[in-house]
Amino acid sequence: MIVSLKRGAEVSKVLRELTARGLWVSSLQGSADQPALLLVAPHSAQVDPAELGGIDGVAEVAVAKSAHPRVAAQPERLDIGGVPIGKGAPAVWMCGPCSIESEAHALETAQRLRPLGVTFLRGGAYKPRTSPYAFQGHGAVALGWMRRAADATGMKVVTEALGEEHVAPVAEHADMIQVGSRNMQSYALLKAIGRAAKPVLLKRGMAATLEEWLLAGEYLLASGAPSVVFCERGIRSFDATTRNLLDLGAVALLAHVYRQPIVVDPSHAAGRRDVIAPLARAALAAGASGLMIETHAEPGRALSDGPQAVPLTDLCRLLAELGSAAGGVS
Amino acid sequence: MIVSLKRGAEVSKVLRELTARGLWVSSLQGSADQPALLLVAPHSAQVDPAELGGIDGVAEVAVAKSAHPRVAAQPERLDIGGVPIGKGAPAVWMCGPCSIESEAHALETAQRLRPLGVTFLRGGAYKPRTSPYAFQGHGAVALGWMRRAADATGMKVVTEALGEEHVAPVAEHADMIQVGSRNMQSYALLKAIGRAAKPVLLKRGMAATLEEWLLAGEYLLASGAPSVVFCERGIRSFDATTRNLLDLGAVALLAHVYRQPIVVDPSHAAGRRDVIAPLARAALAAGASGLMIETHAEPGRALSDGPQAVPLTDLCRLLAELGSAAGGVS
Amino acid sequence: MIVSLKRGAEVSKVLRELTARGLWVSSLQGSADQPALLLVAPHSAQVDPAELGGIDGVAEVAVAKSAHPRVAAQPERLDIGGVPIGKGAPAVWMCGPCSIESEAHALETAQRLRPLGVTFLRGGAYKPRTSPYAFQGHGAVALGWMRRAADATGMKVVTEALGEEHVAPVAEHADMIQVGSRNMQSYALLKAIGRAAKPVLLKRGMAATLEEWLLAGEYLLASGAPSVVFCERGIRSFDATTRNLLDLGAVALLAHVYRQPIVVDPSHAAGRRDVIAPLARAALAAGASGLMIETHAEPGRALSDGPQAVPLTDLCRLLAELGSAAGGVS
Amino acid sequence: MIVSLKRGAEVSKVLRELTARGLWVSSLQGSADQPALLLVAPHSAQVDPAELGGIDGVAEVAVAKSAHPRVAAQPERLDIGGVPIGKGAPAVWMCGPCSIESEAHALETAQRLRPLGVTFLRGGAYKPRTSPYAFQGHGAVALGWMRRAADATGMKVVTEALGEEHVAPVAEHADMIQVGSRNMQSYALLKAIGRAAKPVLLKRGMAATLEEWLLAGEYLLASGAPSVVFCERGIRSFDATTRNLLDLGAVALLAHVYRQPIVVDPSHAAGRRDVIAPLARAALAAGASGLMIETHAEPGRALSDGPQAVPLTDLCRLLAELGSAAGGVS
């Protein structure tokens, strides 16, 4: 944002007014006889340009056109397969194992999660693994396992489409298609997923700026997705004591400034079970509309990411506590 | 941590047991006839080595000696000039302007903060400014202003010593000496501050690992400081929409795993007033024992960092809300 | 790497031997009556475990199995469509515009590049753009333009496959398939590209560790790619004065320690034309086997990334200078 | 930089002209009847505002005043105790051990370095160690050892002042005072060092932006330092395979755009001996005017940082090779 001054305006007085509204401003000077231009830094509080235009001495307020108008136009509360998510809705739980391991595993998990108030069954059919030699998920067959388990228990399904070929089967079986962190800027995939016309859960890339993340959402909406829920799952960091770095500042911004429904995945963010509970609480306090938490009946036997899975027995206690803090789930 | 196996142990079974406890493990092999060594990654959940030693097939568990024994030995609840901070104590508020601007300013601020439950008056006498031409603080005289304002209102004083020459005057006037982010690894300064034998508030450096931060605390304790309270204030980030990036994962780790009293400064972390409230709530939920929040009666007239200061009138509402969420301040 | 000591070994003496070889070592202790285990940090110089095994007092040296055996087995000098790249081969230039704009544009560019010693014509048919509303490339038709321009001038073609649907047409027209930064961990795409059985240029993801990058190469080789050339193009940074941060330490490691052919793209790394020449020189000095440089006859009219394109007239001078520094291209 | 357009100017035509000059531009719009303002991103090529002012359709070019006028006014070639450094001068070598271990050690090192063309003896008297329990340097006495060794061999001394108390003794014994990475923003220390009126070697902080680094130089010059030589030594990174991440883009910018003499320390950047040589070559190619390299006769016996020290016998070969690449040292 750039604020132009009227000729003869008292610069220090205008600066005071801008500072008073939470704006970080630097002054740029052209020819000596022209008033300075005031450049507002992006880490300033959000204000209505019209309000600034009314300040004594201000000639004009120039702004960049939103690069993501469809995202900006999303309602603050979305409906995902009948489940409301966002402003005013109870916090949504999306839980399940990293990988779906069998039909029985899916069903048993769903049966234990539903009574805890978990509305979305999450789990991987196609798994993005760092090594080509690691277990890559059971594939298409696991989608059916999830669907049937969800139907049997009255839950919804959210699962990842890792490539364009997976979009059709995932769209057929899931209520919400997940875009993984590693694919946040895989634009051909985003377009294919958008064309499937299903709600999307869009995880943030490991080094994505907020603007890039919102633009990835714009790709989805522009390609046909009816709605996009953003999901913060931790970004890359220099500190090795957590698997990733949970950016709750981004969550607060998306929830309170950009007014987007946002879900937080503390499991991937921390990678360590001993801080998932406080980070889950913190995510809700920062403005998250839901949480995605990995769980497993026997983490030691999980086919992937067992170390970060919350044992199902512990999840019960955690969700009960979070539910009362968040205002309760239905 | 390295787990050695007994000869003939079933590796996969031991791995299952370690995974079940939240450990990320990789296997290293020496000569073919020796059992593998299992290396535990630092982002694993904390477990007692003795517990691992009892797993069937485990020969031995080797651990690194703590590099910061004095920090590890700190009690979970500290007493700072009569104010308890940490486990079981009510959340502590440390509020005030970026710079102390006059004796009247200090007193008026203290008089408005005390009734809100704020126990520590914070404010800068010596200011670390990125530019040598920016206002550098009023210096020693401002220390007296703060002290008298605090005494008149029953508050404590926390303020930064920017250099070794400031240590004596700050120690004389303050209840707690602040080490700023930019000086977290200024070891000569840490030693000088430690020798002053006052409680210290140690802000995290902008790119400091948790280990480096704890070691900076160790410098202070080893040099004579009676206690160290850690303060997370945001680290460097690639995203320009906030001033810094608040790392609440580090807060959760310090509070719940390292068991250290920790304070969060959402003002510097965000730099923008419109997300300070949700980040303050999130910090408490993550395990913070207190908050440091910049405030000013008229942010537009602040001599530094006005854009991030919460107007005093808004602070009242914020602290009331936080207080009830946190269990209330005395 | 973990070094086990013999019972009774003098720890300090072994540590001296390891340090002398450039190893950063920390000591972990199990039960008091067992010798310490010495853990070697990953930023240590590469040494042969067998050499360490010969040090007096060392019982055993345990190492992790390579996670990317196919990458490790690549020869140091590859043949890409008849062009040698890697150890002992002259430095390879890959030049062209960000986007291919027309058949005439492709041909004219190739005709001007070939005499400069440029062997690979680079250019985008499918463009990964941050915004869905930006020019997305001319698509399949541009592949034919590139192919015919290259054939007419005796050049090779390298261009990006952005999605699985592009793999077949790109494989048909190009000599080398490029994987873009944003897709470095799009595993379904990597597998599809590998199955095309063409040489691949694998750009590093914006926050990818070296290990993740090598593993992405392993995906390609395991899926059928005959060879992978790594390409460093800058990673995410907190400093806004360059578009990305060129990591020549990674280049030195890949070239001199991992012994992989590696190409550097200083255009995307810097984003600014005024430092492309020194960074190109530095890349060759660090061990790059080739350079990818964006160029345009009229950067002001480029359909994308014009600001970072070196004007064709300047490229001539730059390549002449680099060629003599690098030992000359044929 | 902000470019204002004349009323009625053809925006696309002006954008073309700016792009042609290497500028990344975004357009901001105020009221509909006013021409757009064009905001130039900081990663654009440097251009003279006056040149832009001459473009058809441009009304005015507003720029921010330099925040570091004294740095900007430094000559491109400095004289440090009789040794020229910077534009046109031969590359300068600054070598020596991490810590100075004894008077004999200092003298022997100097006697072996001088014939290699090394003009500056570097070494630590006061050492900034991450742990308070690590060797902290021999202190003041080591300054005398260095001074006498340098005098005996015709060398200069550069060594770090870690705290304000060290400034006087370091200034007395050294030709150039080093500011370490961890102290780059210790403003009280910078002022104290500036007042000593000696040339300064200013290492970059681990997460310092270029602007913050230049401003730290401005602190020194504004406080009395006659000259500042910048030193890049690697910044914090998420990749564990090198100790730090060498930012040669910053070196190219400082050398070729900001026109400052700059030295590179590949030893700390890499932390591993096996890539110091290629990174040293790359640094010179990027525009470095000198190199600081840690060396030791017997790295295994070094009191600190032995793993990254180049054995003295290898340094000979390295400097000979670099010398001929760099144009030779006198």
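Should a chain be cited, it is by its letter among A, B, C and D, assigned in written order, with residues numbered from 1 in that chain.
The rule is short, and it goes like this: a contact is a pair of C-beta atoms (placed from the backbone, for glycine too) under 8 Å apart; a residue touches a chain by one contact, two chains touch by 3 or more.
From a predicted model like this one, the values you see are computed outputs, not experimental measurements.
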Chain pair with more C-beta contacts, B-C versus A-C: A-C
Farthest chain (mean CA position) relative to subunit D: A
Where subunit A and subunit C are represented by their mean Cα positions, the distance between them in whole Å: 31
Interchain centroid distance [CA atoms averaged], subunit A/subunit B, Å: 27
Rounded Å distance, subunit B centre to subunit C centre (Cα mean): 40
Overlap residues in subunit D, where contacts from two or more other chains coincide: 207, 211, 236-238, 240
Arrangement of touching chains [line / ring / star / complete / other]: complete
Subunit B-facing residues of subunit A, complex: 16-24, 41-46, 207, 209-211, 234, 237-243, 245-250, 252-253, 255-257, 269-275, 278-279, 281-287, 298-302, 306-308, 325
For the subunit C and subunit B complex, residues of the former touching the latter: 1-2, 4, 26-31, 34, 36-37, 39, 60-65, 236-238, 240
Sites on subunit D touched by subunit B in the complex: 67, 126, 128-133, 162-166, 182-183, 185-189, 191-192, 205-207, 211-212, 215, 218-219, 222-223, 235-236
